[in-house]
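Following are the structures in question.
Next, two complexes with chain A in common: one pairs it with chain B, the other with chain C.
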Partner chain A sequence: MSGRPLTIEKPWQRWLIRLGVFLAMAILCVPGVWVVLTAFRPNVEILARPPVWIPQDPTLNNFLGIFGLLPAQQQGLPVARYFLNSVVISLTSTAVAILLGMMGGYAFARYRFRGKGALFVSFMLSRTVPGVALSLPLFIVWSRIGLLDTSLGLIIVYLAINIPFTVWLTDGFFRQIPVDLSEAAQIDGCTRWQAFWKIEFPLARSGLASAAIFAFLTSWNEYALASQLTRTTASKTMPVGLMDFTAQFTVDWSGMSAMAVLIIIPALLLTFVVQKHLIAGLTFGGVK
Partner chain B sequence: MAEIKLTKVVKRYGALGVVHGIDLSIAHNEFVVLVGPSGCGKSTTLRMIAGLEDISDGEIRIGNRVVNGLPPRDRNVSMVFQNYALYPHMNVRENLGFGLGIAKVPAPEIERRVNQAAEILGLQPYMDRLPANLSGGQRQRVAMGRAIVRDPDVFLFDEPLSNLDAKLRGQMRVEIKKLHQRVKTTVVYVTHDQVEAMTLADRIVIMRDGHIEQVGTPAEVFERPVNVFVAGFIGSPPMNLIDAVVTTEGLRPAARLADGVVVPLPAGVSVSEGQRITLGLRPDDITPQGHGMPGTGETLRLEREVALAEPLGTETILFTRLGDKEIQAKMLNPRVVTPGETLPFVVDLARLHVFDAADGRSLKA
Partner chain C sequence: MTLFRSPRAVPYLLLTPALVVIAAVILVPLAVSLWSSFTAYNLTRPATLYSFVGLRNYARLLNNADFWWAFGRTLVFITVTLNLELVLGLGLALLVNQVTMGRKVLRTIMMFPMMFSPILVGFQFKYIFNDAVGLVNNALFDLGLITQPIPWLVDGTLAPLSIMAAEIWMSTSVFAILLLAGLLALPKEPIEAAKVDGCGPIQVFRHITLPFLMPFIFIAMTIRSLDVARAYDMVRIMTNGGPAGRTELLWTLMARVGYQNSQMGMANAMGYVSILTSILFTVYFYRKLVVARRYMGGVE
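Up next, the complex of A and B:
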C-alpha cells in the first residue's frame, strides 16, 4: 500500500478496521452478488429454506431459458430485441447528449453572454425535478404526438435528463483547460474550431469520457420512465423487460436474475473500457 | 518589413475603458518593451496587436495592412505567453511543429525548421519529452522555439519571465536578447519589471491607466523622465521624490525642503517663486563624499545621519532623511557604515529632477 502512512500501530486495530470495511462492502455487494449467484442456480436451490449460499449445482439453464433454448420450457422472451432496444436507445442518447452537452459546456466555460448565470442555474434546477413526476405528462404528450412506445420517444426523454448534467460536467472540465492554450493555437494558425478539436477536445477527453459513462449508465439502467413510455418489443428496454418475469402470482427469479446479469455485463465492460481514458492531470505541465 | 502602427487605439469592456486612444509606432526589427504597473493596459495592448482582443476604436497596422478585423492566424505574429501555454498532450517536437503542420508545410521542411529552432535554443535533448517533464526554463525555451519556427513578422512576449526564479530570469533575459540579435524581427515585449525593460529594449513605452506616459530609449527615460510617474518607475533603487517650495537663493531659484534645507535648482528649470514642486534625486546622485561617481558640475554638501545601511557588495544603499522623506543614497567602494553615523553627502545638482507638484510634469527643459 502506498499513500499516506497510516497511524494505526496495533495489529488488533488493523483487524478491526478490516472487519469494518468488510462489513460495509458486504452490505453494499451482497445483493448484487446474490443476483449473480442466483442466475446460475436451479430453481430448487433458489427457493430453498434455509438459503443455499454457494450454488451446489451451477447451471446455465436460466440463460438458455430466457432465450427459449430449453426444449422443455415455455417459449423464451424477446431478450435479444430488448437488448437491441437498450443498446440503440442508450448509445444514441449518450452520443447526442455528449455532442450537445459538450458544446453547451464549452460555451458556458468560454463565452460571456446575456443570461448565462440564470441559464446555468435553470439547467441545474431541471435536475431537481424527479423524472417520475413527469411520467404522466410525458405519457399524455407522447401519446398525442405518437412518440409513445418508440425508441425515439425514449431517446428524447433521456437526452433531456443527460444534457444538463453533461453541460455541467464538461463546463467544469473546459474551465480547467487554460484559455491560453486555445489562444496559442489560434496564433499558431488555427481557426477557433481547429483550436478546439486539436487542443481543447483532446485535453477534455477524460472529462468527456466520464460524462459519457454517466449518460450511458443513466439511460441503460433507467426503469421508471421507460416502464411508462414503452409498451411492446418496439421499444421495451432491458430493465423494463425484467418485469416480464413477474406473473400474477409468481415471480420467475431464475430468469429475472439471468437477465439482470445480462444487463450488468455491458455496463461493467463499458466502464472498464472507458476507465483507462479517465487519466487525470493530463493538462498539468502545459502551463505553469 | 513589419513595422507596427497603433493609431488612437481604444479598448473598452462595456463602459469600462482599459486603453484610452494610444498612438505608437514600432519600427521594423525594433525591440519595444511595454512596461507599467499591473492594470495599465500593456497586456491588453499586446493582445490587441495579436488579435486576441477586439479593438474598440482606432486602427492597428502591421506592415502595410490594417489588421483590425483579421483573426490572429492571418496576422503572421507569434506570441510567448506568461504561462508558456505549451500543448500538454504533445511532446516538444510536436509543440514546435504544430503551427507549421496547421499551415500545411511539407513534413521534411517542418523537420528542418523544428531542428533548426531546437538547435538555436538547445532543445535537442528534450525533443521527445512532454511539457510536464520539463523544467521552467526548458518550457520557456520551447515556448520561444514555437514562436520562432514559424518565422513570423512580429514576436509578441507577454511577461514571459515572470514565472521563473530570479537567477533563471536573468539567464533567459540574456537569451532573449541574443535571440533577437540572431533572429532579427520586430518584437513587442510586455513586462512590469523595469529592469527587464531597461536591459532588453531599443525603446521603452511606459504606460499607466491606459495611457502612454513616455516613449524613449532606456537612456532617455532614465535621464529625462517626463513626469514623476516615469521618474519613480524607472530606476532601481527608485528615485527619491521630495516635496519642496520654490524660493530664491541669491539671484537664482532654489527649493526649500520641509526640514529647511535649501537646494539650488539646476539651470533651465522654469519655475516661479512660491511654486510647489517635487524634487527628484536618484540614489546615484547623492553619495557620501569620496564614495560617488566623479561629479559633472556643481554640488551641494549635506551632513546626514544614516539610519540604515544595506551592503550589496560593490555598493551599499544608505537610508537617511531629507526634507520630510526617508531617502536612499548610494555608496560606491563602500566601507562599513554603522547606523547613527553622520556622513558628509554630496548632491550632484546638475542631475536633479524637478517636477510640478500639482500635475507631476517635469519642469526641466
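Up next, the complex of A and C:
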C-alpha cells in the first residue's frame, strides 16, 4: 500500500476520496482561521447580525489594544509583560532540560546499569501525573519556600516536566548512532568525553533540536500548573493571561483572539521547523 | 573520589541532575500530597496541615455524589474521546493514504491542531460554540436551519458534547499522523500476495493492515493517555464545569475544592484518585504496546 492507492479505480470513488479529504482538512483549519480573522476585525463586525463572513474593515486595533497602545483605552493589560515572562520561562527551562535530559538519555543509550528498566519506566510515569493534581502539592510547597509567583518557580516545574520526554527522545537518537564510531575515535586517542562532543553530539544535533522544540512548546502552552503557581505580572505567562479577558458574563472576543494569535505564531513557526523530526521522534521511540 | 572515578558510577552521575529535579518537583510534592490527603488541611488555616484525620477525606469522597459523578464523567469522557479519536484518526489516515498528490501539505495541515495549546483550543471552541457570536450558530442561521440560537455551552446535554468535540478536534491528529506513518511503512508484499490469493479490500485491511498498525495504535494511545488531563484547560475556559456541574470533571472539581474552597486535604485525596487513574490508563496501553511489538517480532 505504500505510496500507491490500492483499490481505487473508478473516477467517482476518487472524487469521493478527494471530497472526504477536503472536508476533513476544512474541519481542521476553519476554527483556527476563524480566530485569526476575528483578531483583525473591529468589534462591530464580530457582533453583527446577519454575520459578516469576510472581514470588511480589517484593523490592527485589537493588537494595539491589548498592549495598551490605543488612546481610548485607559488601561491595557500587561500583555507585553506576559509575553516576556513566557519567553524567559520557556527558553530557560528548555535549555536546561535539554542539557540534563541529554545526559540522562546518553546514560540510558550507552550504559548498562542496575535499575535501568525501572528508572526508565518511572521517568515515563512521572509524566502521567495530571497537571492540576500536581499543582495542589506544588502550591503548598512553593508557597512555603517562597517560589510561588516567581519565574524561577515555574522554570523548575517545567524543567521536571520536560526532562522525562527529553530523556526518552535523546535515548532514541543516541541509540541510532553506532557505538563503533565513538569507539573508533577512542582508539585513535580521544577520551570518551572528546568522542562524545566530536562524534556523537554533532550526529544527534538535529534530534536534540526537535527535542528542544518539544520542550519549548510544552512550556509555552502549559496552563494548568501556571494558572495556580503564578499570581501577578511577576510570573504570569501568556496562557494564564488569556483568562484575563473573560469576566463573569462578558468576554472580550477581539482582544482574546489577538492574544491567541500571539500565542500561536511562535508555536506555528517552530512546529513547521521540526515537522519531520516530530513524526520520526514520535514513532521510532516506540516501534523499534 | 575513587567512587566517582569508577566507570560503573558514570551512568548514575549522568542521571543525578535529572533525578534531583524530578525528585524535587514531582516526588516530594507527591509525598506532601499523600500526607495532606490524610489531614484536614485548609489553605486559610496553615496549622491544619498537621491535623491527621486518617482516611476521613477518602471516606467522605466515597460518600460524595458530586465526586462520583465527576469521576464517572471523567471515565466516560476519556473512553469516548479516545475511541472516537482512534476511529476518526484511522479513517483520516486511510483517506490521506489514498491521495498521492500533496501528501506533505496534507500532513502539515493535519499537524495544525497539535500546535494549539489546550487553553487556546478551549477558547477557540468557546468562541465557535457561543450562542450569540459563534461560528456554528452563525452558519446555521445563514443556512436557514435555525431561527433561535442554540445554546451549545449553556445547555446541560449539549455542553459536554461540545467539549468532547473540542477535545476530538485537538487530538485526532495525533492518531492520524502516527497511523499514517504506520501505513507508509506497511510492507507491500503480503498485501499483493493476499490479493493474488483473492482477498477483498476488507479482508486485506482486517488481516494485514490492522494487525500491522496495532503497535502504532498503542503508541498513540500511550502518548494520549499521558496527557488526557490537558482537557482540564479546555473545560476550565469553555464552561468551568457548568452548566450546573454538567461538565464537571475530576480535574476541575479538584481545583475548585482545593483553591476556591481551600480544602486542600480533600483536594489532594481527589488528586490521588486522578493520578492513579492516569497511571492505570498509561500502564494498560503500554503493556498492550509491548505485547503488540513482540507480536510484530520487533526488538525491545
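We adopt the following convention: the second predicted complex is superposed on the first by the 255 of 288 C-alpha atoms of A that agree within 3 Å, B and C clash if a C-alpha of one lies under 4 Å from a C-alpha of the other, contacts with A are read in each partner's own complex, and residues count from 1 in each chain.
Convention: contacts are C-beta pairs under 8 Å (C-beta built on N, C-alpha and C of every residue); 3 or more make two chains touch, one makes a residue touch a chain.
Bear in mind the structure is a predicted one, so any value in this text is a computation, not a measurement.
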{"item": "Touched partner set for A:L60, first chain B, second chain C, both or neither", "value": "neither"}
{"item": "Partner chain in contact with A:L181 - chain B first, chain C second, else both or neither", "value": "first"}
{"item": "First, second, both or neither for A:I46, with chain B first and chain C second", "value": "second"}
{"item": "Residues of chain A touched, compared between chain B and chain C (which is higher)", "value": "C"}
{"item": "Which superposed partner A:I17 touches (first chain B, second chain C, both, neither)", "value": "second"}
{"item": "Contacts of A:V273 with chain B and chain C, given as first, second, both or neither", "value": "neither"}
{"item": "Which of chain B and chain C A:L125 touches, first, second, both or neither", "value": "second"}
{"item": "Touching partner for A:T191 - first (chain B), second (chain C), both, neither", "value": "first"}
{"item": "Partner chain in contact with A:A234 - chain B first, chain C second, else both or neither", "value": "neither"}
{"item": "Common ground on chain A, meaning residues reached by chain C in one complex and by chain B in the other", "value": "282-283, 286-288"}
{"item": "Complex contacts: residues of chain C adjacent to chain A", "value": "8, 10-12, 14-15, 17-18, 21-22, 24-26, 28-30, 32-33, 36, 41, 49, 92, 95-100, 106-120, 123-128, 130, 132-133, 135, 138, 141-142, 169, 173, 177-178, 181-188, 191, 201, 204, 209, 215-216, 219, 222-223, 225-226, 228-230, 232-233, 236-237, 251-252, 254-255, 258-259, 264, 267-268, 270-272, 274-275, 278-279, 281-283, 286, 289, 293, 298-299"}
{"item": "Residue ranges of chain A touching chain B (in the complex, touch as defined)", "value": "178, 180-181, 183-191, 194, 198-199, 202-203, 282-288"}
{"item": "Chain C-touching residues of chain A, taken from the complex the two chains share", "value": "1-8, 17-18, 20-21, 24-25, 27-32, 34-35, 38, 46-47, 50-51, 100-101, 103-104, 106-108, 110-111, 113, 116, 119, 123-141, 156-157, 159-161, 163-164, 167, 217, 220-224, 227-228, 239, 242-243, 246, 251, 253, 256-257, 260, 263-264, 267-268, 271-272, 275, 278-279, 282-283, 286-288"}
{"item": "Interfacial residue positions of chain B with respect to chain A in the complex", "value": "50-52, 71-73, 77-79, 81-89, 98-99, 102-103, 130-134, 136, 139, 146, 150, 163"}
